[in-house]
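Two complexes are shown next, each including chain A; its partner changes from chain B in the first to chain C in the second.
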Partner chain A sequence: MILPLGPIHPGLKEPLRLKLKTQGEKVISAEIDYGYVHRGIERIMEGKTWQKAIYLAERVCGICSYIHTQTFAETFEKISGEQAPLRAQYLRVLTNELDRIQSHLLANSTFFKAIEHETLFMYMLALREPVMDAIELLTGNRVNMGWNVVGGVRMDAKDIHLQQIMEIMIKLEAGYDRYVEMYEQGPLVGLRSKKVGRMSKEDAIKGRAVGPIGRGSGLKHDLREDHHTYRDHLDFKVIWRKEGDNFARNMNRFDEIPQSISLIKQVIENIPKGDTRNKVEIGKGYGEWRNEAPRGEVTYMIETNGNLINNVSIRTPSIMNIDSCARYMLNDVATVSDAIATYASVDPCIACAERVIVANEKGEEKHYQGIFDIK
Partner chain B sequence: MLDALKDIVRKSSIHVCLVNSGGCNGCDIEVVALLSPRYDLEQYGIYVHNNPREADVILVTGAVTEQWKENLRRIYTKAPEPKVVVALGNCPISGDVFNQEGSSVNAPVSDFIPVDAELSGCPPRPSEILEAILAVAPGAIAAKGRQKK
Partner chain C sequence: MEASTIIYSTAAVIGTLIVALFVGLWLPGIERKFIHARIQQRVGPPLSSPGFMAPLKFFFKETIVPNSPLPRLYNALPLIGLLSVFFILLFLIPQMYFLGALTSLMAIIGLLKIEELVYVFMGSLSNSIMSLSMPFPDVVKGAKHPNVPKAFLENLSAMRAFRLIAFGSFPLYIAILVPAVMTGSIFLNDIVNYQQVNGPVLFTLAGTLGAVVFFIGYMILLNEYPFAILKTKADVIEGPYMEYASKYRAYVYITRGFLMFTLGALFSVLFLGLPPNILSWSILINIAVAVIFPIFMAVFSAFSPIFTFKQFYPVVTGISLLGVLAMVVAFF
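Let's look at the complex of A and B:
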């Protein structure tokens, strides 16, 4: 029997249709229908200046909106050959890590909601609110921050705000272990998450899984290692696990949060004085830049004629993760509710994923595709 | 007597269905933030469960993409009367940044379903969302419920 879930469903935050092939209670395989949030962002960006296009880049995804503007700005910086000033680079790291913490907490809370563990769900959301306050202190807004510009960041941060963010981080760290312990050693959470929705390392490579989903399956891959600010100035180590089940993916996110806190502390302690914005002359050319978003790897490929954008292509992590979830994790899952929990554990972000539309020559018969459908 | 009783009951149990008709999901996560202990949506008798068949309030976010053109109407008809539609954020009101040449959005939402209230912002703050639901929903639901008779 085919059991359709969505696009509007109590278990899903965002519109997507999940078709589960079931035999009794058991889920044999799954298929995914995309296309409910395709807005055509790349097409709108064509023929615009970066000042106009960066707002569109921010609205590719609401949860990880920050990293999209950073990657967009860094692509232009690569084309022009000029880097942002060091203080701006530090502030970018600070905002990026704050954004990562709130995104990971939200992702884990969604998983706890999916396994009906309301207590941890509420705890995660309660932990997240002070982090949102820190983001608001720094940038002035909670979700769409408008923080990056090509050549730096929009404004300088005040020392008093940095100190307040430091206090928020110390408070977050102090109570944090308790929640991790609740998750790691809770027997009921273990029953619902351990050895459920497993994906081996080989499958993760075949499915191009990235981010905490890939790292939970043993792929030691984090682009922050290669990023110039992290590599040259900050102490950073890739966190990964071997199990490849729901437990590992969530635990990987839990483990990354203290590291983000440590990076934020390093930034606030060592931030240099100076300008926050360079004047950048953008020449003609093609640039490509990759960054580690909370969900994995974001790539921007931009071709510009000096002033206007000729062509832009965005590759977001969610599409690979959702597709590898449908193909490799949702095979022989014991129950339907486990399948929903598995789907929640890959932290799906549909607004990110809607990048491809395939139409015939007359513009009729449109299809919206995942990576495995592209021939 | 019965009407008065129904009014009281409807005011204190508002079921919300969140429909993302093609936005950046920034508004959606602000609705999720409303569930957190800081805002505690449920103390006002509001319950978010994303099921249109038992919803009193439909929160629409997003700028109506191609696939939602027909489906939005279908979801609206599935919700039982009396119902209230609140357009959340700039996208359902004007299309926000997506409403430009070459995009595949069909804003505003009011072209497809009747909208009772609009709340601008990209995204609006959680407290504003809460205020909007509380300001509109109980009164409008009670009024619409009486109209039907």
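Let's look at the complex of A and C:
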């Protein structure tokens, strides 16, 4: 039998259809239908200046909106050959890591909601609130921050605000272990997440899994390692796990939060004085830039004609992660509830993933492809 | 029978039922406001909202005809469930003990079974919009599973309800039989009389073990976390209740509160020897038990994720074995 879940379902954060092939309670395989929230953002960007298009980039994702503007700006900076001033780079790291913390806490809260551990769900959201306050303190907004511009960041941060963010981080760090312990050592939560929704390292490579999803399956890959600011100025180490199950994916996110706190502290302690924005001349050209979003690798490919965008392609991490989930994690899952929990552990963002859908006209299989496959 | 006795008995029965209904309507609020919300560091709903105001509101809502093959039967099922709980409480009141076999443990178990069975029918008779194809057909070109028969979310919950009936209610039934083994009778009258002479069953080893098993059975029967497998929000949403609207949904809500009180009263009868009676001080103990049980249940459920059958079977087996041990101890 096929058990269709969605497109409107309280277990799914956003509209998509999850079709589970079941035998009793057991889920044999799964198929995912997209297409409910495709907005054609890339097409709307064409012919616009970066000053207008950056607002669209920010709205690709409602959770990790920040990294889209940074990647967009850095792609333009690559085309122009200019880099943002060092102070702006530090401020970008600060905002990116704050955004990562709130995104990881939200992702884990969604998993706890999926296994219906309401208390942990509430605790995660309560932990997230001060981080959202910190983001608001720095940028003036909680979600769509409007923080990045090509050549730097929109405005400088005041020292008092940086100190307040530092205090928020110290408080968060102090109480954080208690909540992680509740998850890591809670026997009932363990029963629902350990050895469920497994994906091997080989499958993660085949499925092109990225971010905490890939790292939870043993892929030691984080683009922050290669980013010039992290590589040259900050102490950073990739966090990864071997298990490949729901537990590992959530724990990987949990483990990355203290690291983000550490990066934020490094930034606040060592931020240099100076400008926060360079004047950038953009000519005709093509640029490609990748960054590590909270969910994994996000890529922007932009072709410009002077100050206007000729062509743009965006690849978000959810495309690969959801595909990996449908292909490898949802095979032979013991119960429908476990399948939903597994899907939630992938931290799917459907608005992100609604980029390009190509149906194979010849075969029976439908492929959801990233832009690399199309080009 | 004298007229004064008849009036006295009628007043006792009606008064007890009214008190039970009134207390039952506040129990879900106590559970959510005082326990869940406090543990979860939030304000929580108004005390009257979950059990009292919500059903009241539903009585004034528009009735929507469900997408069911037998809509009238489907709508009648919550009332059947409520009536079965009502009769359980009625037969627990000491003034009704003259009814003989109807006030035995077998009748109580039979009525509890009806309350459980109702969920199987609810799930089987509901085909809500949540599983319909929209807006794209499932036979989309390139689909992995075209032309495969489709199941509804409620069907899955009906299947779960059936497995619960077959297996999940063992702890409660075994616990109910522990006092019967100790007293050598299945009649409530005998069980109450035995305890008035020999003291409450609860304060014996068998009784204590039986009470623990009873509490777990209570949680399973009330579909509370971690045993709320029937109505998992993450997959089957509300499961069997999904399509109920207006007064029919109100009956579902009232049944839950009423069942909380009734099972508390059943515990008082079987393990404390104190039947519910408005004209006796023992009603205070009944109310206390009816309030304490949801509080314990809420504390336990606040720290648990929902179980799947993979975890459910071993837990229920273990608890059932504990119940069997209590029965064996009760023989000596």
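Throughout what follows, the second predicted complex is superposed on the first by the 356 of 375 C-alpha atoms of A that agree within 3 Å, B and C clash if a C-alpha of one lies under 4 Å from a C-alpha of the other, contacts with A are read in each partner's own complex, and residues count from 1 in each chain.
As a working rule, contacts are C-beta pairs under 8 Å (C-beta built on N, C-alpha and C of every residue); 3 or more make two chains touch, one makes a residue touch a chain.
Note that the structure is a prediction, hence the values are computed from the model and not measured.
Contact with both chain B and chain C is seen for A:P10 once the two complexes are overlaid on the shared chain. Contact with neither chain B nor chain C is seen for A:R215 once the two complexes are overlaid on the shared chain.
In the superposition on chain A, contact is made by A:M1 with chain C only, not with chain B.
In the superposition on chain A, A:M122 makes contact with both chain B and chain C.
Of the two partner chains, neither chain B nor chain C is touched by A:R253. When both complexes are overlaid on chain A, the residue A:M132 reaches chain B alone and has no touch with chain C. Shared-chain residue A:H104: touches no atom of chain B or chain C. Shared-chain residue A:G35: touches chain B and chain C both.
Looking at the shared chain after the overlay, A:R295 reaches neither chain B nor chain C.
Common to the chain B and chain C contact sets on chain A are residues 7-10, 35, 122, 126, 366. The touching residues of chain C, counted against chain A in their complex, run 36, 39-42, 130-131, 133-134, 136, 138, 140-146, 148-151, 153, 156, 159-160, 225-226, 228-229, 232-237, 302-311.
Within the complex formed with chain B, the residues of chain A that make contact are 7-10, 12-15, 35-41, 43-44, 46, 55-56, 58-63, 65, 106, 109, 122, 125-126, 128-129, 132, 142-144, 349-351, 357, 366, 368. For chain B in complex with chain A, the residues that touch the partner chain are 17-30, 32-33, 35-38, 49-52, 62-63, 65-68, 71, 75, 96-98, 100-105, 122-123, 125.
Residues of chain A that touch chain C in their complex: 1-5, 7-11, 17, 19, 21-22, 24-25, 29, 31, 33, 35, 112-119, 122-123, 126, 186, 188-189, 191-192, 334-341, 344, 359-361, 363-367.
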